[in-house]
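Chain IDs A, B and C follow the sequence of writing; residue 1 opens each chain.
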């Protein structure tokens, strides 16, 4: 939840999973294959579990899932290791490569997951977790190889959007959340007038800055050039340059807080999320993890204002569908060399059973995947996000994940450079091309 | 350097001639070293060589190998791309900028730290009160971990942090900056921080050099009527030459390899304008999962360091014994 | 070589005599009276120490104090942050990990270093110059360069997560500095000692253990302190190789703590200051030795 780290998942899959979920509440996706214990004569098993929920409430939630599992399986010990998200991504690769990997680890699927599967590093759970896979429906597609082998199970998926402080909007006299870029610019002016930073941005992490470009390209481009680019790395469509120009024009109105280039996204009161959480900024473009992050950054653990959500505004003349959305999901995989494959696979299924998904939804960390889990959503904002996810004509994967770590990373850097004054809209596209040529 | 130890002792320990390399041992060498001596040499150098080769040379050789591949770290590297990674690096404006930043740190560190450290060393080499305490305070930043120091500075330097508050308090509002985010100042921020961190090391090194300068010389000078500073200028500083040259060498190599501090401070990324070669390497080699490309950058960093060291050795260090880094001193 | 310039002859003296002349220097120096000298010394020392002191004082404040006035003094003083860190088992575990790695690397580099330096300083054989050059060349590539391949390599040989995965490369990368410092040190030990011991029937290895090693303790202390500080402070390699928080060393722990408790600035300051202490105390105790040992190294 720290960062958009997700997999290639097929847009409609997410949407349909949630829609199906509303109809399939009663189905129980968990609890299958629980009889491993008798067959395992050696008894004690210790599994290590690496996740990125380093802050509350994720920390306790993951621990409680592990505790619940070990309560049912007294011979199993689960060593839960939260690792800071950026470190985690590297460590998983190194650990898999080095042969000392955790049994269960965060899996964002997509091309990298398939590569890991083909290199024999992740466990094939197509059979062993069949019940959970079936319950989940199309949502698992992002964690499936083109040949149909499932190597991971997602536990959350959701789309991004603009989180805002409803109180500050009212105070500034903004009656309706902006639905076009013009209205957004208008809102920025009004918010400045009441002395708050209109938009909080964590520039030092780069991806938050790039999210603006992602969404603008979603509005400027039809789906084709982007999906085409994801495969062929061809960025010649002029809509990509337009996205940069739109962002440059918006940035020219100085909508961001002072010092946004050195602000982190989620660390401390001076981070972009910290500013929004403490009422010093009015909005932030983020993913579905935002409400939980915001609460973690206040002294009381609760927000003392009403948090709202609106989808990214439309762009006049843009070729993209103004209702299209962007997002991603998180999942877990088992290591192929885990000492207890059946237990590990059972644990993966256990994480996404309805009870745990309802509990997950109740924490307000994100939107669950398994149908029935959404019953636990208490947070109004998350409910809105879940509804919008279901209603979106298609959901594009976060572009840095869609394009892969290399090109995606170059995109994040180039967009941030532009906001810092060191790059141009055309330069961003050039950076994408240069990065693509490295592969 | 030291006196020659003649080696006419027992055969088998034929030449212990520590010191001068010109003086060959007089004892007949016969067929080289005795079996026993060879065994001793092997026994004493073996463990170190194993660790040294295994953990210093092998990784560099591996980097050279990986550098020829496009490899995302999953499975074995299979996509051979020849010199492509090297060409890419040298045509990437961000890498060229990173080289410039390192060059800036190399030169500016020498210019800022050298004279300042010399001045401070001369000051506390005098018999002043609390000399030990001054030395300790100056050296304190050097003994701190870069990571710990970086975390501390990261708390001091944000726009709303203590540094800007102090500047505001002094009425210097126009001096306030986003020290870690504004690409036009971040390199200066890093320069100030590395000067802060490594000044103490230069001072202690210079103090050590001054300790070995014979007092008779400055005494003679002061008897001749030269003032303290005149004595320092004419005698101490010239005699400190070898120390200064070794310090400069260490400083240059350190500036070329700078990683921890910028990485902790703001990631040392291109957008903040203070990317270094090492943070560039780790950006690709770690975050972007381009292990082949990252390895190629590691090789470039290695070759550049080596080239600079060789040139430095040739032009500057040639005259200093222990500075002979590429050739034996014997 | 050093003999080229007038007045340097004295630098060819053996170690013992250099120490003697250093003593003499203290006595002949006149006490400093010039207030300007003190002013410059105080100003420089204040500037270098100020951030450290700020961090330490900050740990005595509350977050509210820090937020309202980032530059103020603690008011009231609040020792609870520090007490909390001292009561935190995570801190003690990280200290233990750091200690294991730093001691392991220090012992290793001293032992391996003095053995190589012994051969380089007191044996004459073909290839000695080349061997010295091989080690001295290591000065040119600090760990940063090899970090990436090392981390792939160590993972592959199954050492990731083991303290040895940090200790062994640390030893490898500190050997050059150790050898360069120790070789002149060992060479300065009078040949008469060796001759006498050989006449007494001692082997060269016996000479090494019984005479040379005790005599080289001052040099070993210097390289030991430098090695200890480098390993204690190491960040890059532990960051790449230590996966479980239970394995973290203090520098990693500080960075991790600052991320995890990002809203609790005062606690981060307290944690950071406590992590500064061991290195500072260590240096305070041994600073004279460091200067003494470096004197041997830089004078050539």
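What we mean here is this: a contact is a pair of C-beta atoms (placed from the backbone, for glycine too) under 8 Å apart; a residue touches a chain by one contact, two chains touch by 3 or more.
Predicted, not measured: the structure shown is a model, and the values here were computed from it.
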For this session: Sort the other chains by how far their Cα centres are from that of chain B and give me the top one.
Result: A
Exercise. Between B-C and A-C, which chain pair is linked by more C-beta pairs in contact?
Worked result: B-C
Problem set entry | Euclidean distance of C-alpha centroids - chain A vs chain B, Å | 42
Seminar exercise, completed: Whole-Å distance, C-alpha centre of chain B to that of chain C, is 14
Exercise. Rounded to the nearest whole Å, what is the centre-to-centre distance of chain A and chain C, using the mean of the C-alpha atoms as each centre?
Worked result: 43
Problem set entry | chain B residues counted as touching two or more neighbouring chains | 73, 160-161, 286
For this session: List, in ascending order, every residue of chain C touching at least 2 other chains.
Result: 152, 240, 258, 265
Seminar exercise, completed: Shared-interface residues of chain A (touching two or more other chains) are 90, 94, 97
Exercise. Which residues of chain A touch chain C in the complex?
Worked result: 48, 50, 54-55, 79, 81-84, 87, 90-91, 94-95, 97-100, 102, 264, 266-269, 271, 274, 296-299
Seminar exercise, completed: Within the complex, chain B is touched by chain C residues 1-2, 4-5, 7-8, 10-12, 14, 18, 21-22, 24-26, 28-32, 37-38, 40-41, 44-49, 51-52, 54-55, 58, 69-71, 108, 112-113, 115-116, 118-119, 121-126, 128-142, 144-150, 152-153, 168-169, 171-173, 175, 180, 183-184, 186-188, 191, 194-195, 198, 204-205, 208, 229, 232-236, 240, 250-252, 254-255, 258, 265, 268-269, 272, 275-276, 279-280, 282-284, 287, 290-295, 297-300
Seminar exercise, completed: In their shared complex, chain B is touched by residues of chain A numbered 86, 89-90, 93-94, 96-97, 112, 115-116, 118-119, 121, 203-204, 206, 209, 258-263, 270, 405-406, 409-410, 413, 416-417, 419-422, 434, 437-439
For this session: Would you mind writing out the residues of chain C in touch with chain A in their complex?
Result: 67, 151-152, 154-156, 158, 160-161, 239-241, 243-245, 256, 258-260, 262-263, 265
Exercise. Where on chain B does chain A make contact in their complex?
Worked result: 70, 72-75, 85, 88, 92, 94, 157-161, 178-183, 266-267, 269-273, 283-284, 286-290, 293
